[in-house]
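Let me give you the structure first, and then I'll get to my questions.
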Amino acid sequence: MKVKSSFIGAPLFLALATASAWAQEEAPPPTAADAMFTVNNLWILLAAFLVFIMHPGFALLEAGLTRAKNTVNILFKNVSIVAIGLLTYAIVGFSLMYGESKFGGFLGWAGFGIAPGENDLTSAYGDYTYWTDFLFQGMFAATAATIVSGAVAERVKLHSFLLFSVVYVAVAYPITGHWIWGGGWLSQIGDGVWHDFAGSTAVHSVGGWGALAAIILLGPRRGKYVNGTSKAIPGHSMPLATLGVFLLWFGWYGFNGGSVLNADPAGVSLVCVTTSLGAAAGVAGAMLTSWIIQKKPDLSMVLNGSLAGLVGVTANADITTPMESVLIGAIAGVLVVFAVFFFDRCRLDDPVGATSVHLVCGIWGTLATGIFGDGASFMVQLTGVLAVGAFSFTFAFILVLILKLTLGIRVSEDEELMGLDIGEHGMESYGGFQIFTTD
Amino acid sequence: MKLIVTYIQPHKLNAVKKALFDAQIRKMSVTNALGCGQQMGFHESYRGSDIEVNLLKKIRIEIAVNDEFVKPTVDAIMTGARTGKIGDGKIFVLDLGACYRIRTGETGESAIG
Amino acid sequence: MKVKSSFIGAPLFLALATASAWAQEEAPPPTAADAMFTVNNLWILLAAFLVFIMHPGFALLEAGLTRAKNTVNILFKNVSIVAIGLLTYAIVGFSLMYGESKFGGFLGWAGFGIAPGENDLTSAYGDYTYWTDFLFQGMFAATAATIVSGAVAERVKLHSFLLFSVVYVAVAYPITGHWIWGGGWLSQIGDGVWHDFAGSTAVHSVGGWGALAAIILLGPRRGKYVNGTSKAIPGHSMPLATLGVFLLWFGWYGFNGGSVLNADPAGVSLVCVTTSLGAAAGVAGAMLTSWIIQKKPDLSMVLNGSLAGLVGVTANADITTPMESVLIGAIAGVLVVFAVFFFDRCRLDDPVGATSVHLVCGIWGTLATGIFGDGASFMVQLTGVLAVGAFSFTFAFILVLILKLTLGIRVSEDEELMGLDIGEHGMESYGGFQIFTTD
Amino acid sequence: MKVKSSFIGAPLFLALATASAWAQEEAPPPTAADAMFTVNNLWILLAAFLVFIMHPGFALLEAGLTRAKNTVNILFKNVSIVAIGLLTYAIVGFSLMYGESKFGGFLGWAGFGIAPGENDLTSAYGDYTYWTDFLFQGMFAATAATIVSGAVAERVKLHSFLLFSVVYVAVAYPITGHWIWGGGWLSQIGDGVWHDFAGSTAVHSVGGWGALAAIILLGPRRGKYVNGTSKAIPGHSMPLATLGVFLLWFGWYGFNGGSVLNADPAGVSLVCVTTSLGAAAGVAGAMLTSWIIQKKPDLSMVLNGSLAGLVGVTANADITTPMESVLIGAIAGVLVVFAVFFFDRCRLDDPVGATSVHLVCGIWGTLATGIFGDGASFMVQLTGVLAVGAFSFTFAFILVLILKLTLGIRVSEDEELMGLDIGEHGMESYGGFQIFTTD
Amino acid sequence: MKLIVTYIQPHKLNAVKKALFDAQIRKMSVTNALGCGQQMGFHESYRGSDIEVNLLKKIRIEIAVNDEFVKPTVDAIMTGARTGKIGDGKIFVLDLGACYRIRTGETGESAIG
Amino acid sequence: MKLIVTYIQPHKLNAVKKALFDAQIRKMSVTNALGCGQQMGFHESYRGSDIEVNLLKKIRIEIAVNDEFVKPTVDAIMTGARTGKIGDGKIFVLDLGACYRIRTGETGESAIG
């Protein structure tokens, strides 16, 4: 009998329990350590749910900042990536990232699949269970590919992108992840002072490098650079983009807060405050920069600004003061606006600013950790940035190049004009709405 | 019979409709349009790229009338739509060869109203 | 004085407390059991909030997969259903479902209204309080009616639907709920091995049967089946539908995770992993099926696929291994695509695929429990499926029939053409947007 | 080394810990009080995240109920306000609200900035840490300005509004907040029976008074009142508005539930039940009223109704029975419909009904506390309503007046016609969608 | 050559298209429009204010045809669009001076089809 | 005076506008339209049901010109819009009986520009 409510069940059950002859089955009263383990585990699970909500955040942000004719395609990619992320992480990712170090800390390995050992579901394993560990880490994994998704939007072939995602999430992300968090070489050098708290490098830069490699090989959208001038290709829905950013910010409380890896009141609450202030300062920084440079404040820049602030403090939210996080976030907010301009001058077309937000501010956040963070070393941070960058960029570049030479990575000109929704999916995102579009 | 096509400022639609009603012209068809004319448009900017918007939102009204109604119609549109500022719009008058009412199959002048 | 912050309040309060002459009022230090009770209770409350978020999930999914001219109507129904669900559950539902068994376990009864008994707000009641119990259960209750709402969209009369919802939520759902979870007859047969963990049957099939009965009596939307061929009537907003699915998935962590009924680390974390993998596998299953059959991958099918996976593992997320949940989810994902085709061939018009997702996969999930679940019996599961199906379908059929013969259940042809937003509400969902629609 | 997963880390770490010579650094086993502190702190942090989600709720509600040509502007305001709220609260707000009482309890002061004292990160501070306290309170702070944002939508100058927000959030909100929750004069009178549980007055009325002052000085939107009749200016997206309300309702569980200020099972679960039933009753009340008065049920009214119910129970969710909360919520739901009509008759143009929801029902909720609340006094409640109203309205009125006489508060007629998105931001919210709009 | 402009009920588009196809008229251009005519519209209400909606959703079709196709076209529209209820719409026939096919530069009667 | 109506491919709007500007034609009105012609459309599918989409997105431009501008306008449209692929579109030229500028009340040839 599965009694969902204790309405009548509980008394009954208690009655049975006390009257029971199976006295040996009666659970002993919980200890304080049990309670602590339960609350720690609960928090990491909740944090995993919050990281999950970042996926619709990315989906809406990317959909909002691109054209209506490619919306189905973007949504499709983002839904798929969650599935790809969780499934590949279950099969190989978790093992590659946190398995026993091999090849001098280059990767880990603990066999295919996931299966807890004897004590992995109790406090003997840590502050949470093996399953919780997998879920929290698995939710992170997909994020790197999602970052790429935004940068290559509106022109990438669906199946090539999905293949790229599978490999990048299943192999590249866990390898650098192993260096950074899994006990690999990077975490061993310089007395182990390397610090990337919740993943400015491990997640955001890794995604950003992938995005950079991909847009170099993919080329800009048709109509983006005409006769040497950059044309604006406005996104089709600012409400979607804004909601996306709010969901990302919301999810970031799990991303950063959960990275404390237990529910320690002082630790988690500090991290949530620095995260909040970093985001707020990012908004302020981007707003002022955009207002001054562009004359009128650009909402899409301010949205990027809040994410920039968040990415900036992600590496160091646990070891900075709130005032420092305001500074780091504000600088990230300024930086992201210039980065958008910079990539645009380089003719690198990134519809949603993924490289500016995740790559540039991911690097900034990691370095800022070396500058402001208690006990961190700038040189070690720099080493990490360079090593991870070299690996991720090269890996992504070769992977995309292979796809380019085999399956092709770019849709035909006709399909790009007509939209990927019709081309790749044979359907439209706004049936019945007449969308006025001239490119 | 004439077919009168006019482009006006969007926010003048209600005024024009009222003026037409006052002149007993009760039938018309409206679409939205983008117009390019002396009114030079404005600049938008998006993520650092400038966009010159020179297609401005306009309303297009099509009114089929019998010949004696042409002048009242044109006058009513003028009354309702004029602000004296650039961008007020245009009125075009075309010859209408034939007109049918789908519901009844009526044709000619009686079908118009 | 209500001191919200402890800024000055806490020291003051502590000072008062220690200096206080009312020594007898001073709370004893908390025990480990108190802490455990608090964290268990907190988790069930949080789970209730997560189940709440499924309501906007349903609202957006249904709105997105239908036409713009009926959007106000759909949103209105979904907002109303939450209110109806909570209010009727407070008045009779909770009592019918979890009150003392009557008539051989056919229904329960504990009087009208809700009121905790003496020990119902302490750990004597269970792992959470009476109020928490009510809230968690109450959030579930409305879901069944929401499922029906999607299936009957775009043609049902508002007041008839609201009446249907009131009765179905207040009476039908609690009765089968009593059989399944409330200690009723079903949970007593076959040595009590019946297992419907979080409600593949109790919630999803019950909703699905109601939907099936309603669409049989209601008939298809005008223009859906013309001269013997099925016409596509595309939904008006894929972003809304996708966000809806993400919110549902997010909420499902509370739906399934909360059904553990306490915060037990091993139990809850396993359930969250199986739930996640079931959903991911559902996406994969539906994606491949749709890609193969429809040539191009259909986003709306993939969205249905993730829900199918979730519904599939809902009955068994606590007693399967992650690998089994991948299997169950993947099969559900395949199944849902065929089910959509099947109902379409039967000329049963279900705009959002509610019967395919909730009924078909609800049945699949319940039976899969008998196949894969530790200690569950296929025959008992089948008995449950049939008994609940017979009751729910009959109840819904008779109820809708009565409404059809009295108030009428279908809007006029003119209203259907013009849209229910104008017909039933006298307003439009997108004021100022010109929607191009030809049916 | 930052080991994110315990996959290999934990055993390693445990091994190190036990083998370690630094025995003095080994943490003692947690006590039950530690566990309790951790769960209490976790809940307040989670509540803060939930309050955060109210910001996208407001953003979408306001965007949905106004015209597409002003959407970027509204979204921009709402993103900015979160940043402004958090930053100013960190600099002065927290200190003004919860610092030591000055000037007979008129305001508090604890210096600029935020910095915890010695014991503020442990249970010596309260049931949660100083940082948690700041975050939870800081999330509340911005809400008051957001309420104003909706009322002044579609015509207010961006920079003037942002300045208003900075001052209102940094100064006015903390001052009345000090009276109400910070230990100021209001909480001292009448034996300290003043009761505003989660802020019907402290947050909602304060925002509502600001909104009232602003719309009086700002005047109605062009085209709202023509020749003495009130014209409808329909909002451009009911799905956005509805999702906004669902997010607000969701966030309200943190707003009210977190205001218990610990995770006490009986307290929090009661509050969540009364909150839910208040909202549900608000929906029902507004639905019936709207159906009777307007003949057809108006979705925007029902949305307002749910918020009205929530605002109504906010002051008293902890000290009423569920039945009373149904009553309070239902009355609020009726009230809000009449209030919308009333303000419209007064030619006070409030596009989203902010004054009706937050001011009128905020007052109602505060007074209802005096009527139904255990141990509360109607006269003290009335005193609070009047005092806070007088202060907030006057403050806002003078502030807006100064802005009106200096920078100007209203955009030019041309800009209003063309839309604030182009006027203030030089961009459009729906690039590529042709929006049919005639005003 | 004539340019035929017709306004019909939105839900009659498919029927009209079918009737035109049956009459060998395969080329046309469609826009959405709002029409004001004998069909009086309806009342909406929003937050207590009444809105009189007298611009109803219509479909506008433009068809250029050679002279011998005018009658079949008009007849086909009538067949497809008529319900006998107010609001069925109108057909307007205009003289078409010239016609060019952009792809080939063809002009005149051969360019139309 | 003539009223020139043309249907072009949406992505050719900028090119056509540029060609018209180069030919000194600076005034026009643009609407979106759905066109049905030789270009056969494509198939969509939604939840297993096939949709034949034979109304393709087009842009409709309306330009009123004085007679001497007809040829330059037609030529400019041809230049800007032609790709040589099916679906390039059509140009229709109608007689324009009268033209008014709402702002000034001007009429006739001077009102057009």
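Order of writing sets the labels: A, B, C, D, E and F. Residues in every chain begin at 1.
Just so we're on the same page, a contact is a pair of C-beta atoms (placed from the backbone, for glycine too) under 8 Å apart; a residue touches a chain by one contact, two chains touch by 3 or more.
Worth saying up front: this structure is predicted, and the values here are computed from it rather than measured.
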- Moving only to chains each one touches, count the minimum steps from chain C until you reach chain E. 1
- Message: Which option, A-B, A-F or C-F, should count as the same interface as C-E once over half of the contact pairs match?
- Response: A-F
- Message: Counting only Cα atoms for the centres, state how far chain B is from chain F in Å.
- Response: 18
- Message: I'd like to verify one number: the distance from the centre of chain A to the centre of chain E, where each centre is the average of its C-alpha atoms, in whole angstrom.
- Response: 51
- Message: Taking the mean of the CA coordinates per chain, how far is chain A from chain C in Å?
- Response: 29
- The positions of chain E in contact with two or more other chains are 31-32, 34, 44-46, 94-95
- Item | Shared interface positions of chain C, touching two or more other chains | 32, 35-36, 39, 42, 46, 128, 234-235, 237, 243, 294-296, 298, 300, 426-428, 431, 433-434, 436-437
- Which chain pairs touch, all of them: A-B, A-C, A-D, A-F, B-D, B-E, B-F, C-D, C-E, C-F, D-E, E-F
- Item | Complex interface listing, chain C residues touching chain F | 230-235, 293-296, 298, 300-301, 337, 340-341, 344, 353, 436
- Task: Mind listing the chain E positions that touch chain C in their complex?
- Result: 10-11, 13-14, 32, 34, 42-46, 57, 59
- Message: With touch defined as at the start, can you tell me which chain D residues reach chain C in the complex?
- Response: 32-33, 35-36, 39-40, 42-43, 46, 50, 67-68, 94, 97-101, 108, 110, 125-128, 133, 137, 180-183, 187-188, 192, 194-197, 234-239, 242-243, 245-247, 249-250, 253, 257, 259, 261, 263-266, 268-270, 272-273, 276-277, 279-281, 283-284, 287, 294-300, 302-303, 306, 322-323, 326, 433-437
- Item | chain D residues touching chain A - in the complex, by the definition given at the top | 1-10, 12, 29-32, 34-39, 41-42, 45-46, 48-49, 52-53, 55-56, 59-60, 63, 71-72, 75-76, 78-80, 82-87, 90, 113-114, 121-122, 128-132, 134-135, 138, 158, 237, 240, 243, 424-434
- Query: Which positions of chain B touch chain F when the two form their complex?
  - Reply: 2, 5-8, 31-38, 55, 58, 60, 74, 77-78, 81-95
